[in-house]
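One chain, chain A, appears in both complexes that follow, with chain B as partner in the first and chain C in the second.
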Partner chain A sequence: MEALLQYLLTGLSAGAIYSMIALGFYVMWSAAKAVNFTFGDVFMLGGVLTVVLREMGLPLPMAAAAAILIAALSGAVIERVFVRPFNREANAIGWMLTTIAVGTMMESFTTATYGPLGRAMPTPLVEQPVRIGGAGIYLQELLLPVVLVAMTLALEAFYRRTVLGRAMRAVAYNRVAAGLVGIDADRITMLAFALAGGIGALAGFLVAPIVQASSSMGVVVGLKGFLVAIIAGIANAPGVVITGLMYGVLEKFVEAYLSTAARDAIGFTVMILVLLLYPQGIFGRREVQKV
Partner chain B sequence: MSTILSVSGLRVSYGRIEAVRGVDLSVGTGEFVGIIGSNGAGKTSMLRAVTGVVRPAAGSVTFDGADATGLKSHQMVARGLAMVPEGRMVFADQSVRDNLVLGAYSRIASDPRGVEEDIEKTLGMFPRLRERIGQQAGTLSGGEQQMLAIARGLLSRPRLLIIDELSLGLAPKILDMLFPVLTELNRQGLSILLVEQMASYALAVTHRTYVMENGRVLFDGPSAELAGDDRVLDAYLGRRTRH
Partner chain C sequence: MSKLPPSPARRALLGLGALAGLALAAAAPAQAQRAQPCIGASWELTGPLAHSGFALRVAVETALAEINAAGGVLGQQLRLVAYDDVGEPARAVDNARRIGERDNCVVMLGGFRTPNAIALREPLDEMGLPWVGVISAGTQVVEHPNGRNQWMFRVSMKDRWVAPFLVTAARARSRSGKIGLMYEGTGWGQGAVPDVTAAMRAVDTPIAATETFNIADTDMTAQLIRMRDAGVDTIIFYGVDREAANVVRSMDRIGYRPQIVSAWGIGVQFAQTAGPLAEGVIVAGTYTWMGQLPERAQGVLARMQQRFPEIRTPGDLLMPSGTANAYDAVYIIAEALKLAGRFDRTAFRDAMFRVNYQGIVANYAPAFERTQERMDAILPASYRLLAFHNGALMPIEQTPFGTPRTN
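So, the complex of A and B:
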């Protein structure tokens, strides 16, 4: 029983990270019908830049805020330089190549300058594990699902209550119609990528105290976040969040009852099977035909 | 009469297919102009180039005395041109009110109070929309969506309103309600360019009409005259008798 609770809690914690990454993919996909495959590296920037800025003497909250801001800016730049010019035609896929290439470069550059090893980011929340019904877990880990819920609600409020959010949904729904009411769809798309960059970096910052901030911390997590978005149905935010959490829990149970080595093999197999059963994603609706 | 929109030598191509092959037309300030022509005549393509949805392959667009060739849609809206697109294109997943707010996107930050007043005004024009104000736009009937699309277009406070296929898929009863609204808007000073396959309606409400076929303007003239023109009667008003 204690073990079950342990796996559930750490699973929700890991899953929250996948959900946040997947939410970033959701935000980008909605606006551009394209995503930024450097996203795992934008996530990495959130952790690594916070560590670097902190070593330069900034207090933690300021270092984190600056790292998130820089990551958001880099999201906008990546959209403008590496996605937009390669996403002009319907069904263009050039942006896949460019963003994967740039992601690799970001990782290499970080390895070369920051070093190949992870560095710790001590926070008060990882000093001592807390006990919940016999399960031991760091507060930092418990923080992740809490932030995820807050992030999801905030995103929902942004999309529904603000003019900018409504404009983003309008662009997602129909770019031509958005342009005809005076919305600069290109600018909105760039802002969406910046928003996603901020989300990814926040996730990277939050997880760094648990996993250490390293140049390669985003590679597998970025991929899993993308897969989560796809099997959830990338156009559905709540679905993406739930799927991420479920995937995190699934992973912990596989780790516990089989082995860490089996985790990704089984996890990816499950994803493929789900995709076979639900080609539109578990929570995906068939895209409305627009004439 | 000054000119709000003038188009000259406009060409639009999609790959190797030329949809518009050199169109000249103009809309005077305060004028209500129609374009009729059969399906595939190039009417919608011409509008797409004028409103910045596609770039024209050649030719020029002048709006309100300034060159506007190749501007993007949102820039045209900022200059004072709004389009109600074919198929209405309301934001189906957002409420009627949010659609209206988005219609005012270009000025909501600088003039929120004016936007609220204008929303009230358009709701007065279309009481049906007031009843459905909180409803998702996708759940509205076709006629209601067309009302919403017109209202949304008006909220940018345009000086020229372009309407593409007002009648598409709508019952005559709805059209009998919508066309007088356009006439009233025009009487209040709004310039309107109406593209319409239902020639009888277009000729009845507009001052002047262009007839387009095969990507070109065949001829134009006062609508009242064209309504009695043999070429128009035969091709667009369904007169069966040959002579």
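So, the complex of A and C:
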């Protein structure tokens, strides 16, 4: 029982990170029908920049806020320079290549300047694990699902209750119609990428105390976040969140009862099977075109 | 038009010309054997393993500066020609070709990764280029499957010898006698399994639990719960800094504190990221620059710090054993060149078997012997146990963890 609880808690914690990354993909996709493929590198910026700014003497909250702001700006720049010019025509795929290229550049630059090794980001929440029913977990890890739920609710409120959020939904629903009613769709898309950048960086900042901040910390997580978004159906925020949490827990149970080495192979197999059964994703809806 | 028969003088001149041509042709291969007074290197100078390249450059440049300040070798100054392979075997092969064919260096130094060293076996053999490894510990780097290694030497640890060393240390510290093995899912980690299994079998002790993890894994709770449930109190560990830090954090999470006895993938960086959780972790190595150093090593450290101001403390030497191995390797190379008497790769290779040298890691007497097994210079007797104490990687006898547990 203790072990089951342990796998559940650590699985929820890992899954929360996948969900946050997948939410970033959701925000980008909703606005642009394109994503930053190497979104894991924006996630990495959240951890690495916080560590660097802390080493420069900033207190943790300020360092984290500045890192998230910089990552949001970088998200906007990526949209303006590396996505928009390559996503003007229907079915354009140039943005895939350019976002992969810019992600590689970001990772290489970080490795060259920050160094190839991880650095610790000590916080009071990782000093001592807490015991819940015999299972152990750090408060920092418990914080992750809590922040995820809060982030999802805030995002939903933002989309429903703010002018900017409604504009984003309008662009997501019909870009041309949104333009006809005076919404600057390009600007809204850029803001959506900035928002996604902020979400990714927040996730990176939250997880860095547990896993170390390094230039490569976003590679695997970014890929799994994308996987979660696809399994869920990338256009459904609650679905993305639920799928991420489920995927995290599934991984832990696979590690515990099947095979540690085969964990990712099993995860990707599940993804393929789910896509065979639900081509739009578990929570995705088939797009109907009226003619 | 009729042809005049050649005169006797003309015949003599033609004959002399032909002889001279033959002599030049015969001399050409001998000329090609002559090598330049340079030491080539293929290291990880950029990318995720850049710290390993730096750890070697520090030692090699310092040793060369000392040797050249003392007059060089055979009246010539030795040069370092270092290329970056970013840890990729294909680039290491390209670099070896450059070093052997274009730069024509007399010898080449290897870097961090065992796969790179293994990829060099055939090119080095083709070129007849001696190679000296200073980190990559894979057994097959030096002990080739065809049994015909002629050119690859090593001044480092050897995995096949490390395993019994770790098993001895683990048995001395295990109260329950239940020893587990945990390894990363790479060629290095998987290669250690048969070595450790054989070493455990040799002392009639079964491995109580065997677990693996993937590179970049952040949570090893599941594996550790299984180890705990199997009653393991001592873990033989094959992994590197980042994953090792995540292992001790996972142990802390579930309140499980076995003794870790690790192969030398763990370095100073581990303590910097794991913090207090690194305390008491034992690592096999050949050297550490922390703690009380012999006078000679203190001088070497001071000269390295003088040459590389970024080394503010010994803790900035992230691969202490590799740095010390590389330092000794350069002196062994210089001694072999002196014994060879000329910059000739074959003569140099043969002279390596006659080198006797007192280094900072070991007394190499002799450094190498003419069997594959002994093309390794550092013998198990010179392996050391190091332990993390107060954030530093110290000789174990200078820490509270030097005394094996008494049952």
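Assorted remarks:
FYI, the second predicted complex is superposed on the first by the 287 of 291 C-alpha atoms of A that agree within 3 Å, B and C clash if a C-alpha of one lies under 4 Å from a C-alpha of the other, contacts with A are read in each partner's own complex, and residues count from 1 in each chain.
As a convention for this text, a contact is a pair of C-beta atoms (placed from the backbone, for glycine too) under 8 Å apart; a residue touches a chain by one contact, two chains touch by 3 or more.
Computed from a predicted structure; not experimentally measured.
Shared-chain residue A:I100: touches no atom of chain B or chain C. In the superposed pair of complexes, A:A120 makes contact with chain C only, with no contact to chain B. Look at A:L58: by the touch rule set out above, it reaches neither chain B nor chain C. Of the two partner chains placed around the shared chain by superposition, chain C is the only one that A:A256 touches, whereas chain B remains out of contact. Judged by the touch definition given at the top, the superposed model places A:G136 against chain C, while chain B stays out of reach.
By the touch criterion defined above, A:L275 reaches neither chain B nor chain C. For chain A, the partner with contacts to more residues, out of chain B and chain C, is C.
Of the two partner chains, neither chain B nor chain C is touched by A:A66. Residue contacts after overlaying the shared chain place A:V77 against neither chain B nor chain C.
Within chain A, no residue touches chain B in one complex and chain C in the other. Residues 3, 6-7, 10, 14, 111-112, 115-120, 122, 126, 129, 131, 135-138, 210-212, 214-216, 219-220, 252, 255-256, 260-261, 263-264 of chain A are the ones that touch chain C when the two sit in their complex. Those residues of chain A that touch chain B in the shared complex are 163, 166-167, 169-170, 173-174, 176-185, 288, 291.
Those residues of chain B that touch chain A in the complex are listed here as 51-53, 72-74, 77-78, 82-83, 85, 87, 89-94, 98, 101-103, 105-106, 108-109, 152-153, 156.
The residues of chain C lying in touch with chain A in their complex are 46-51, 185, 211-214, 216, 218-219, 221-223, 225, 241-242, 245-246, 249, 252-255, 269, 272-275, 318.
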